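Here the structure comes first, spelled out in structure tokens, and everything after it is commentary.
The chains carry the letters A, B, C and D, assigned in the order they are written, with residues numbered from 1 in each.
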Amino acid sequence: MIVVMDLRATEQDVASVEEVLKKFGYSCHFIRGVERLVIGAVGSGHGVPEGLEMMAGVEKIVPIMQPFKLVSREMKSEDTVIEAGMLRLGGGYFSVIAGPCAVESFTQLSVSASVVRASGAAALRGGAFKPRTSPYAFQGLEKQGLEYLAKAREETGLSIVTEVVNPSDVEQVARIADVIQIGARNMQNFPLLREVGRLRLPVLLKRGLCATVEEWLMAAEYILAEGNYNVILCERGIRTFETYTRNTLDVSAIALAKRLSHLPVIADPSHASGSWRLVRPLALASVAAGADGLLIEVHPNPATALCDGPQSLNPGHFQELMAEIEIMVKIFNKTLWRGEEKNDC
Amino acid sequence: MIVVMDLRATEQDVASVEEVLKKFGYSCHFIRGVERLVIGAVGSGHGVPEGLEMMAGVEKIVPIMQPFKLVSREMKSEDTVIEAGMLRLGGGYFSVIAGPCAVESFTQLSVSASVVRASGAAALRGGAFKPRTSPYAFQGLEKQGLEYLAKAREETGLSIVTEVVNPSDVEQVARIADVIQIGARNMQNFPLLREVGRLRLPVLLKRGLCATVEEWLMAAEYILAEGNYNVILCERGIRTFETYTRNTLDVSAIALAKRLSHLPVIADPSHASGSWRLVRPLALASVAAGADGLLIEVHPNPATALCDGPQSLNPGHFQELMAEIEIMVKIFNKTLWRGEEKNDC
Amino acid sequence: MIVVMDLRATEQDVASVEEVLKKFGYSCHFIRGVERLVIGAVGSGHGVPEGLEMMAGVEKIVPIMQPFKLVSREMKSEDTVIEAGMLRLGGGYFSVIAGPCAVESFTQLSVSASVVRASGAAALRGGAFKPRTSPYAFQGLEKQGLEYLAKAREETGLSIVTEVVNPSDVEQVARIADVIQIGARNMQNFPLLREVGRLRLPVLLKRGLCATVEEWLMAAEYILAEGNYNVILCERGIRTFETYTRNTLDVSAIALAKRLSHLPVIADPSHASGSWRLVRPLALASVAAGADGLLIEVHPNPATALCDGPQSLNPGHFQELMAEIEIMVKIFNKTLWRGEEKNDC
Amino acid sequence: MIVVMDLRATEQDVASVEEVLKKFGYSCHFIRGVERLVIGAVGSGHGVPEGLEMMAGVEKIVPIMQPFKLVSREMKSEDTVIEAGMLRLGGGYFSVIAGPCAVESFTQLSVSASVVRASGAAALRGGAFKPRTSPYAFQGLEKQGLEYLAKAREETGLSIVTEVVNPSDVEQVARIADVIQIGARNMQNFPLLREVGRLRLPVLLKRGLCATVEEWLMAAEYILAEGNYNVILCERGIRTFETYTRNTLDVSAIALAKRLSHLPVIADPSHASGSWRLVRPLALASVAAGADGLLIEVHPNPATALCDGPQSLNPGHFQELMAEIEIMVKIFNKTLWRGEEKNDC
């Protein structure tokens, strides 16, 4: 940590800062520049003395160490590979997770599942518990939705990815899901992160709408710190001033997260754009930026969807897109994974 | 709802849109402009047909009605007044809630409480459950913190405002708190909102870091929809590109929320700035923008605080600020409330 | 235009609004909903009565027509192809423009030019007039820089792309440049836009750091409205809350601009990221999102560059990237253009 | 400047960095931490070696010195006071600048001028050259507008504040204006900044829509660096994700700019909100945050304004607001300045 002192800092100010730093376990190195004194606080210390910044004579504190440990490439240089049923992600494996925003009925889910399976997806997504902006909007089928998901897995072999929003539902959802999803709005729901951290089930962690890459990695760190190392990071668009699109897909974040962390990174072009017309270019751009997978909304009949219809692909568009994804994935020397039996052929 | 059709929409496209709108309970009015056809969908309908936006020939959907009902001024024109122990907010009453970010020890809390009481605050804030970006940072004293808060109330008479982060802790926190706080990161933690909606205790709802005013009001709507009408809205700064300050206090949101809703609105200048040097100007600006109260971090010794030291006022600065707040509050014809006994004099 | 009236609007309010609309050349259609009256203003009108929004009883105005005309796909459905010397962009042609941020010396420029030519670029970029945040930073070689650019063209045949920042320099720059660049900070420098609109030379128009896609297209509209239809749109990253990267490349904007407009769209991954390590993934993502070209900073020795060194590729990295770009461009059925003689072979 | 080396930096990497730093005139201090080496580069150096960031083994560069010099409080601790005809701003003087967005006709301007004069404004604002998003919108009366402004000054004694958008118009505008305005879109139009820097006329510099406080101060630095020390900083709202308001007034920036710089700071609540209903709370909040003045749009008949009607106050609302401003200004121990003759009484 670097402490930059004010132009007008007195000897007494410097001594007080040094004293606090020592109390927290740091040793001090002093660099006297032309105008300012800079103090380098060395040592691992026990915690960060946040209050330092308001001490007399202190201009600013500059942290040097990255705050994330377990998720970092410095801790583990090789890619983490996540396996969950038919799904395989990271370390050269690329999987597509597709399906409707919400589970609406068994028929809708079953048709979706067979469509996405036929087009080459490895996992089925579908929300049984839906976090909605309005209390008056459709909130999901809950327990029944989970049962439909289990049945769809039986029918197709697809892995099941589904969201949990309440720590008290984690056990219930974990009994069905192959991958448990934490939505963007819950990226910093710390009790929920701790709860899924106690599982050994893979967790798909969406980046918050206005979370920095560092905060996103720190949220993953919460899960790893509890012992669950199976985390998939998912970029799903951030909130900016632009209004034409619902969110702004941050492809740099995909590349950055891959550099900073060993965890696999996927993208959700459906939520990022809010418009099915943009799903194709954003999906392909994500692959080109280094993504290890995609999460795509597909609905048998988007116009009548109870949720997120405008951003869902219909079966025809999805099939076309999968063909393009396959070409792209190969260029980047990755394997589009559809479960073993298919790849054996 | 207005449906704007594409330049190239066919008669068939229009007929399909009309059919869907009718199915959802709307009747259609057609406005043929020079270039485009615009359809006005009239009626309360049952739900919004989100998928409409992806139908052939549809360019965009423009919602006309505001999505919030119970929180709106149209529903209730007079100001809601919240009373909770010594605290009184809204409808001409102005209260200051002050105290440390986190409860660290009984001594720290007790000293803080007597300081803020002496300077004219009506309530004590202090976190027993702390949502922290890093899993390695101090997470709060939890149950013991709640007990200390209860003791501090006994000593000073101040109302207690404290945060809850997990739906399963709501009951425990509600037993102690006079006002239960939902933090910015939990503004769209819907299970938590529903849980506090079932209480009759006042809820202080912070605006999310990147929540629009509309989303903030919708989050309040979740609480009112469960039957709890005692909600205090709290603007605490939004995330922007500016890096000099931790967040950007949005004073317009204070004025807007007051116009759109009957609920009282307060501001948190400490989190908005992240720097104690800016707390004074932001606090006064918030009063001038129409706030009904303030939430201010005060610590007996900010330099050693375990959390948020840089943005905490010391007792001397807080006392000076309270004197200025009192003058400002009077100009706006409001009463700075410190509990009845003081105002009786 | 749709005028949404307030719940409490009186008959008199409605009559006043109607009168203003008629004065501006619109006819009115009334849609009475359950709660609100909505007025559809039909006709091309002469201008938009902005003041309407503040009339008594008016809640909001919703514009229906897109404000851009000449740049829109509705006006011209086929892609515009830009040709300027060796450069060819749009309608299936893809060109790479590369070179140093600033012209520093003839040697630096000449080496850069031969490097980028050898790797397959069609045009050389290099700033002679540099807009810099600090008045104390290197501001460019100006007239001499232009001469060096002309010499580099003679040596290599590459087209020259260079920036103009002052309307009074347009004539001078136009005498040398094959494509004249308007930088992000000048996207809404309207006198400059008009000035380059009077030329017939292609204009490369960068999107402003916080310009919406609509504002970007309106800036292009300024140039077309003066008679110059040769505009290349360039996405170069927008400003968001994220601090790891200098800006956030908005790949959705590339796809959107291609849909809304017939003009070619390119991307500048160097400025978008501010870090050479991210240039490769962002370049490839841009191609995948539909870009018709790329603008890439290349410097013979980035560590000693007077400007933007951290985001410049060295010759080796650029050559590797060009090989990957070529593969990607082919997949999207486009031709990587390097000037006729090469493609003839 | 602090150079943070990578975990894997070699001795050779460190030696190369040291060599570059020495070449730029810095001496190096090494701090070896538990994991990383940090190099403190001391000395004023000649320029910043930007390319350093891409050298092998370098993780990041942390600048220590603020980039602005002449505008900083460290350079000049006492407040700069700007005087221009009837206007006096800074150092305890507070002035209101009011008038229409655009000069539309002499009658409109003359009525506006007498209204704002009567209510206590010290200066008249009115655009003769208007930067507009659309090339098809009203662009201002130009030369004739300037003449009307001069006549309005003759009639009322008010100082004239008007915008210049083209460097070649500066001389013409400077002949009429008492204060020359640089609009938000031109905050980084460096040739324009240099041009007004050569004048001795006060310059009102608006903050760009997405400019950081540091960039805003650097833009002012351009003007001071040319010799013109008479700069008024104007906060006018920044662009954020919020869509209810046109922009988000950043009151923290007012307080911050006052701390970092000796220049007077004013606010423009009209552009910040885009809605006349919010002008009052934002104006008062700005005064409370420490502003030295206000820039307010007033139009005799906002509903028919050719530009920015929705955000203009009518004469009645402006008069009421001036009464409130006067009370607020007094609380902050400042003088509401209306020209000498009035204050002499």
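Here, contacts are C-beta pairs under 8 Å (C-beta built on N, C-alpha and C of every residue); 3 or more make two chains touch, one makes a residue touch a chain.
Only a predicted model underlies this, so the values are computations on that prediction, with no experimental measurement involved.
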- prompt: Which pair wins on C-beta contacts, A-D or A-C?
  reply: A-C
Query: Where centres are the averaged C-alpha coordinates, which chain has the largest centre distance to subunit A?
result: D
- prompt: How far is the middle of subunit A from the middle of subunit D, if each middle is the mean of its Cα atoms, in Å?
  reply: 39
- prompt: Using the average of all C-alpha atoms in each chain as its centre, how far is it in Å between subunit A and subunit C?
  reply: 31
- request: Going through subunit B residue by residue, note those that touch at least 2 other chains and give them in order.
  value: 210, 239-241, 243
Field: Sites on subunit B touched by subunit A in the complex
entry: 20, 47, 49-55, 67, 131-138, 165-168, 185-186, 188-191, 209-210, 215, 218, 221-222, 225, 239, 275-276, 301-310, 312
Statement: Within their complex, subunit B touches subunit D through residues 210, 212-214, 238, 240-245, 248-256, 259, 272-273, 277-278, 281-282, 284-290, 327-328, 331
- request: Under the touch definition given earlier, write down the residues of subunit C that touch subunit B in their complex.
  value: 2, 4, 7, 29, 31-36, 38, 40, 42-44, 62, 64-65, 74, 210, 239-241, 243
